[in-house]
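Heads up, there are several structures right after this.
Consider the two complexes below, in which chain A is the common component and chain B and chain C are the respective partners.
== the complex of A and B ==
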């Protein structure tokens, strides 16, 4: 574990835990963004440029902004908005779900054969990723595209002004 | 000195300095030597641009512009800088102090980071990233967050409205911006800015292989520049500022040097997107004719950048501001279909054999839909001469 990894891990965990602990929802989103940036830096430190930059582009540029917009449009989120209780009413079920997710991920990591993969660091360029997406994984890519198009059309239909009944 | 030496003078100087640096300090010294010129040159360019812009706009509006400080008013930015440094830094009592403080820093940071992948001259780039263009857009999307933070933390209705406008506009125009750049990535087959420029710095019959000189490149360039103007919140897309209705938009509650930082960030963003447009469409640092290649590469880059700045000032001085629905309509109804069509067009260009036929087909495929789309969109709006009730 290098010192850079430790710093980045600290940034990520600080962001994520602040996102859970802070009272103001907008602060939570900003802290979560810090966590996203930390994750992106971790990807970059591992040499995965494409994944790292996509993480910033999608999560910081789109997800964070959209969550902020959604919060602002649905409730008052001024700097002194009504603070909520630190523990929500359903904290036990949340704890169970989080524990189960962690258990599955930890089990997958422990049982996987890491030592064989870590021997050589592969030089993966963006072109290789593109080739893989367009050849081996063309069908999943197309299905994802179809799903996103359907979601887009659905969003437009939801947002369209409703026709008055005759 | 040969032209090659003059062209590479900064690279040679850096290599010479690096030769005197002890081995352990090499990486950090190399980083500082690469970054410091960018940190010095572009804010200086910002200072010069503010004077040029005010003088240019003044001429267009039949007045002089700044002409009191220094020769022909060219020391005006010094006076402005001193003024903004000495002014009181006011934080509104109800503002969210931490976010209010972080927003201008994040904005300037993100604006500077974008320069990391711009090739300013031959072998003159801070980081030749494999995914350079992607890096540029990823960093550009951080600006939106900074703008939102500024508007929200000020706790003012005007700044919040300005931030909402700015973010909505930036999200909408980011899509055509990225899609019009994708055309070049498809044609070049790489995301590295250095490789894209190298590909364009080739000459046949004395003319360069700039992507601008293809039907899809030209169309992409125009779409990219419209989107870039909107991304940098400049006139005619400067609704987020909207002096007449929301005073100054998201940075209204900032004063002193933080206010100056917002201006710096805005102009740096404009230079960076212009630099990317130069890199993608206008051959970066390459000369426009093969017999002019003796002029150093960085001079060509900055000449092109100055031409872009002149065009931005010209546009600001001549076009009226759009309305919000017109702004969104332009992005979603005209620019998005045209960029998608442009992506399709570059695919056809790639597949068709070389010759005059592919020029005709690809040009027709862009011009005819553009005309039809423009006609269809304007017909629905029922444009007519506006009559004024009291002013006539």
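== the complex of A and C ==
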């Protein structure tokens, strides 16, 4: 358990908690960006460089910006204006369910017999990942491209303003 | 406490934070963000198991995470499109007010 891991874990947890707890929606997305950056740093520390940079590109670069645009387009419509009570029934029930989930997960993790020794950092180059994507995982890659195309077209069609029927 | 246990506990914590937000926030965009956090917790698990697993040369964890990130991007795009369409219809993003399909 290195000190770097503790620092990165603290950054990630702080960002995620602030993203879920803050009132101002823009502040929520900014805190979420901090959490995603912390996760990307954790990937880098685990030796998965490609995934770490993909995380920054996709989440920090695309998803967070998309969320900011969606929030700005739906401004002054959210429920936060009418005083979302900090300790309403839905908050308490949500926190209880999440706490119970964490308790079960942590119990399962701690009682399980994990004997993974600290092995040497595996060396994975982008060339290896490209070779694997082009050989073993070629069909999933094509299906992913099809799914992304369909999702792009579908999102545009769903969000397009509908013409009035003549 | 092995390093893998630390990563698994951190992942469980991120998942719980995302679950709490998705269950208790009332803004649709924040619920979507909570779901993204839960997906990211699963990705962290994949990478941690790949790193401390018996055969890291097989690249399975990295591949699964790359595809999972792609699917999460598609999900975010479609979800935000649906939220924008609903907002144009009802001028609201409060999930408690979206009851027009309630049985």
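Throughout what follows, the second predicted complex is superposed on the first by the 111 of 166 C-alpha atoms of A that agree within 3 Å, B and C clash if a C-alpha of one lies under 4 Å from a C-alpha of the other, contacts with A are read in each partner's own complex, and residues count from 1 in each chain.
Going forward, a residue touches a chain if its C-beta (ideal position, glycine included) is under 8 Å from a C-beta of that chain, and two chains touch if they have at least 3 such contacts.
Since we're looking at a predicted model, the values are computed, not measured.
Look at A:3: by the touch rule set out above, it reaches neither chain B nor chain C.
Once the two complexes are laid over each other on the shared chain, residue contacts for A:67 go to chain C alone; chain B is not touched. By the touch criterion stated above, A:54 is placed in contact with chain B and with chain C alike.
In the superposition on chain A, contact is made by A:155 with chain C only, not with chain B.
When both complexes are overlaid on chain A, the residue A:33 reaches chain B alone and has no touch with chain C. Applying the stated contact rule after C-alpha superposition, one finds that A:140 touches chain C and leaves chain B untouched.
Put chain B and chain C next to each other and count what each touches on chain A; the higher total goes to C. Comparing which residues of chain A touch chain B with which touch chain C, the overlap comprises 50, 54, 62, 77-80.
Contact residues of chain B toward chain A in the complex are 94-96, 99, 129-131, 134-135, 137-142, 144-145, 148-149, 152-153, 155, 164, 167, 171, 174, 189-191. Those residues of chain A whose C-beta lies close enough to touch chain B in the complex are 26-27, 30, 33, 49-50, 53-54, 56-57, 60-62, 64-65, 68-69, 72, 77-80, 125-127. Residues of chain C touching chain A in their complex: 1-10, 12-27, 29-30, 32-34, 36-37, 40, 43-44, 47-48, 50-53, 56-57, 59, 61-63, 65-67, 69-78, 80-85, 87-88, 91-94, 96-97.
Here chain A touches chain C in the complex through residues 1-2, 5, 9, 12-13, 16-17, 19-21, 25, 28-29, 32, 35-36, 39, 42-43, 46-48, 50-51, 54-55, 58-59, 62-63, 66-67, 70-71, 73-74, 77-80, 84, 90-91, 93-95, 97-99, 101-102, 105-106, 109-110, 114-119, 121-122, 124, 128-129, 132-133, 137, 140, 144, 147-148, 151-152, 154-156, 158-159, 161, going by the rule given at the top.
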